[in-house]
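Working notes, beginning with the structure itself.
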Amino acid sequence: MAAVLALTALGLSLVFGVMRVVNVAHGEFFMLGAVLAWWFANLVVGNPALGFLIALVGSPLVVGALALVADRLVLKRLDYNPEATIVATIGMLYILQQLALTFYGPDARPVVAPISFRVQFPWFGYSGYKLVVVAASAIVLLGVWVLLARTKIGLIMRATQYDRETAQAFGIRVDRVYAGVFALGAMLAAVAAVLIVPIQQAYYLMGQDPLLLSFIVVIVGGLGSLRGTVVAAIFIGMSDGIISVFFSPTLAKILATLLVAMVLVYRPQGLFGARDT
Amino acid sequence: MNGRLLDRALLLHLGVIAGLIVLQYWLPAYHHGIVARVLVLASFALGYNILFGYTGLLSLGHALFFGAGVYGAGMVMREFGWPASAALVSGILSAALVSLVVGFLALRTVGVAFMIVTLMFAQTGYLTSLLFNRYTRGDEGFVIPQAARAIGPFDLSDSTTRYFAALLLFAICLLIKLALVRSSTGRVLVSIRENEERSRMLGYNIFRYKLLALVISGAFAGAAGAMYALLFGYVGATFVSIQYSIFPLLWVLLGGAGTVLGPLVGTLLMFYLVDLTSGIAAASLLAVGVVLVILILWFPKGVLGAVRERALPWLP
Amino acid sequence: MDQKTRKTAPAKGVGRRKVITGLAAVGGAAMGSRLLPGYVPYIQAQSSEPIKIGFQVHRTGIGAAYGNWYDRTTTAAAKVINDAGGINGRPLEIITEDDGTDPKRGAEVVEKFATLHKADIVYGTLFSNVVIGSAPRAGELKIPYFVVSEGHHVASGGLNRYTLQPGITDVKSQVAAMAPWVAANLGKKVTMIFPDFAFGHDHRDFFTEAMAGQGGEVIETIAVPPTESAFFRYFPKIPRETEVLYHVMVGPAVLTFVKEMGEFYGDTRPEIFGFIDSLEAVDLNSPGLEFLDGTYFWEGHRRYAGDNPTAFELNYREKVGVDMNGASVDNARDVATYSHMFGCWETLHIIKAGMEAAGYQGPADRAKLIEAVEAMTDIPESEAHPQGAKVFNGKTHQTFGHQNITKVANRRLDLVHRTSIEDGLYPDEVDYTTQPL
Amino acid sequence: MAAVTLLSARGLTRDFGGLRAVDQVDFDLPRGQVRAVIGPNGAGKTTFVNLLCGRIPPSEGRIQFEGRDITRQPAHVRVASGIAYTFQITSIFGKLSLYDNVALAAQRRLFNEKSKGRAAGSLLRARTMEALERVNLAELAQQIAGSLSYGHQRLLEIAMGLALGPKLLILDEPTQGLADGEIENFIDLVRGVVREATVLLIEHNMGVVMRLADRITVLNFGKVLAEGSPAEIRADPAVQSAYLGG
């Protein structure tokens, strides 16, 4: 779970890091990714693996394109004002969610996993597909890291993150970078969603939970810090399980939420972020 | 500002209240009930506007204060058999207390962090109401018996009494808010919205003023929540859910942030929009989403904000 | 009919109109009630006007999957009733409003039915929070409110005289009827997994109590938060000595839940007994459910028709459009919420029977309708009641019926035991008939 | 003039990361004086006055105002006790009327005096209009401040400072961006203020400094380079080289 969480949170963190805006509709991109995965997978009858692969490619592309459109039509016009963006993305959240309900329906629908085997440990079993998910997530994370750290695109992104005005002065088309980042963030959520649908089901309200968790991860990891996000995702993914051994799961969620609030109040740069005052 | 202008604003607000009194004799039954609901919810929005519209603080956690009002009233009736009047006071005080604590912590942050912190606090409150389901009955909620919902000789489940109780709450909130906005304290709150650093350098303790705005706002929310529980007899976790943090924002944005009457206009419009579209499958929340996006793009000042800009500059 | 007024004064609710009409001076609630808006059309035109039934449906929100099937069953039942001549010769008209599975909106919808649509009654709610949110308004507006929710909230006495549940057995009764069989056939040490909200707590409390009565014991209870989407970490909490795992889960994540349970256990599992809620509307042929073979389920109404279904059962399936495997006739993968939705069919028929017994003419006779339904006791199996015979308790406003225990074999559910109505009876907790109408 | 010290600083230091913006400054300001602080760009002038009025906390050192230690007082308390600060970059409430802008300052003073009720209302009005009149903006009182010309905005800023009724008025580059005629008015204005308040002036325009200041403090690299009368400073070779070098 931590792996998928890391992907989703990374998308959110990327958007926040570079654009300094919070995308509340992020969870809905995740949901859309899952719903589209179901749709793509059902285009191909008879071969679940092929259907899944098509979904893995197609779903993020569609979601990314949609995010691009949303960016052009709405966010750009708001000039990425942080507070206006939150309100606008809350609006998008409702729009996406209700459109999914209208066209996809209220049912939770499963997608067949491309592979299915079961790993039997001495005292319990574990689905082999989940291990595949972990591996796939790691590969995507690595890919994003390479993109950011080793390519020109990454350099441009980091430059924009560092100083918007200066980047503009150097001839970087900041608005294009923003649109790209927004789409990339959404695509990461969609990839995470496609990976998860064989485990969970595609459902129109499924965006809420990952959104909240991603928030937690991004905040604990330090707003906008990519490395912190990944570390925090793994940390929280693991600790979530550990906390809920000692406390009731609802209490565990309460403690986690309070912790996040307190982190923001007392250490706004995140637990793993560097202090920069 | 001369005296005549002030009177004009005051008259307008008294006129609105008078109009609402007249309306109660004239409205058909269904709309009568709706307006009573809207008045209670508009009181919630009035409070939200003090914080958001006047002080410039965008909270995403007001469901917590509304819920504190709902439970603050409902729990004491259910667990200790308090009368409705005491329950109302208990609801308001609970919300004020909760907002004081939340404000004390959350106001250390600004901007986006403030939004997220308030959101997280509200989420904590929501989960807490689920955790203690033995007392709160969690998501299922509980009913306040009809017999208990009376203050003195006034049976709050009677539709006329309910309307007037809702209107009374609204009128009190409206006039308090009008007085606040036009007071020197209101001027300081606006100055914080406009330029926080400058107001600090005029010698104002920004933190204290923000906390004041938040507590007043929370108390309004709590009064509305407690009243809602008393008038409609249901207490449940749904009132602490995130939707009830989004709604007041939406109402205020729609009606006009930073206008005294805007929340009423916004709540009324939004309520009817949802009510009309809910006949069409799945569309009601879609409308909410579309309205939010349209508002923020083209009418960031809301209905009354636009009116003030174009026609009535004296509107408070 | 205007002289046939009820005795109890509807003092609440008329105050405002008193002012309008100046009736305050006249007094007399009998006169007042006649002047309520909405009464007028029925006074003249009693034979041709349709009877309006406000159907409160979960079209959006968490209950939407159930709402869809409730809608289909209701439409089918209304058509059947209308084809057979309606109620007292008047056609039924179903007016549908979405409540968003939200208690606040639910109350508003009840209000809308009563005052705007001028519905005769309100009906059809499933989710207990919506029922509890809406019931006070129904009681104040004195509009009969027939719920199809299987919650214990009606019989527990928390609601009011205008709220009834005549079409579906409540959780407390269902659970009580299961305990003897579970204890006798599966084992005495039970671990329960249930959703961490009111519905799940009802299961926990009532089953623990019922199991203790059978000499069994619930050794561990595992509550899962309602929004949970991954369940893997809960299974290791199941004690090793567990003989029976009792599961009940609701919501969109039920399939994940059951699949992960299978992944956890593989081939070595205790006896598993679940409420079909955990798999309601889920195809048993979904991937990952192979391990369920040999486990047991409670079913309110059997999804698979079995070898010798009754004629009533066959008729019901045909009219609603469900095949012999409990799926839509148009789409074999579109599985119905079969164990619950029969309640809609049966409740509408109870409404018909009640209205005919009361000589129901219009809203002025609402109180008589309540009394007529309260007077019902034995309800035999029939076309109107395909799930089986029921006993209605007029004091608690709750009906009691037979329950089924089925076993998964070859990816279908076969009946192994059908409880008697007596298995599910418990002492009354309320007498609504003492409340004023 | 009996030199009663209004404000004094000892060993005042402020670090930003590795950079020491203000370095061990000792500073005494007698009541009733017009003191100018000058220095090359980056000398730490603005940081220095920000330390005095509490917008940023010092890394080391102590500040006394009217004999009381105010080192740990937050800015708004210092303002309330009589230190008014006008911003280098014009910082007014652009969406409010001029009246409201100045009233915000005037009512702060009334809060201090603990006056209540209707009397306070008319007093507020009188004080606000008086401050606006002193900067010749009274007839624009109902205009929205953001619509004013830049020069008028600077004057409004000063009116806000005046309305606070300060004991010490800190003016951070007040003449920046003003036309010559406006500068003349400004000089007259400050001369009027001196009757009731001490003035601390950060200024680049040497003409203004020489005409207004009783004494001048020169900062360079965060340290006090020189202090003296305008004539002494003009003659100081260290100051000259600092300016030429800077």
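Each chain carries a letter (A, B, C and D) given by its place in the written order, and its residues are counted from 1.
We adopt the following convention: a contact is a pair of C-beta atoms (placed from the backbone, for glycine too) under 8 Å apart; a residue touches a chain by one contact, two chains touch by 3 or more.
Here the structure is a predicted model, which is why all the values come from computation and not from measurement.
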> Which is the least count of steps on a path of touching chains running from chain A to chain B?
Replying inline: 1
>> Taking the mean of each chain's Cα atoms, which chain ends up nearest the overall Cα mean?
In response: B
> Using the average of all C-alpha atoms in each chain as its centre, how far is it in Å between chain A and chain C?
Replying inline: 39
>> Using mean CA coordinates as chain centres, what's the gap between chain B and chain D in Å?
In response: 42
> How far is the middle of chain A from the middle of chain D, if each middle is the mean of its Cα atoms, in Å?
Replying inline: 50
>> How many angstrom lie between the centres of chain C and chain D, each centre taken as the mean Cα position?
In response: 75
> Can you list the residues of chain A that touch 2 or more other chains?
Replying inline: 98, 101, 248, 250, 253
>> Quick check on chain B: which residues sit in contact with 2+ other chains?
In response: 130, 281-282, 285
> Touching two or more other chains, which residues of chain C qualify?
Replying inline: 60, 196, 225
>> If every chain is a node and each touching pair gets an edge, what shape is that graph: line, ring, star, complete or other?
In response: other
> Looking at the whole structure, which two-chain pairs count as touching?
Replying inline: A-B, A-C, B-C, B-D
> If you look only at chain D, which of its residues touch chain B in the complex?
Replying inline: 53, 55, 74-80, 85, 87, 91-96, 99-100, 103-105, 107-108, 110-111, 124, 142, 160, 164
> What part of chain B is in contact with chain A in the complex they form?
Replying inline: 58, 60, 105-106, 108-109, 111-113, 115-117, 119-121, 123-124, 127-128, 130-131, 246, 249, 253, 281-283, 285-286, 288-293, 295-297, 300
>> Help me check something: in the complex, which residues belonging to chain B touch chain D?
In response: 1, 184, 187-188, 190-191, 194-195, 197-206
> Quick one: in the complex, what on chain A touches chain B?
Replying inline: 22, 74, 77-78, 82-84, 86-88, 90-99, 101-102, 212, 215, 219, 248, 250-251, 253-254, 257-258, 260-262, 264-266, 268
>> So in the complex, the part of chain B that touches chain C is made up of which residues?
In response: 24-25, 28-30, 32-34, 37, 130, 133, 137-144, 146, 155, 157-161, 163, 232-234, 236, 238-239, 275, 278-279, 281-282, 284-285
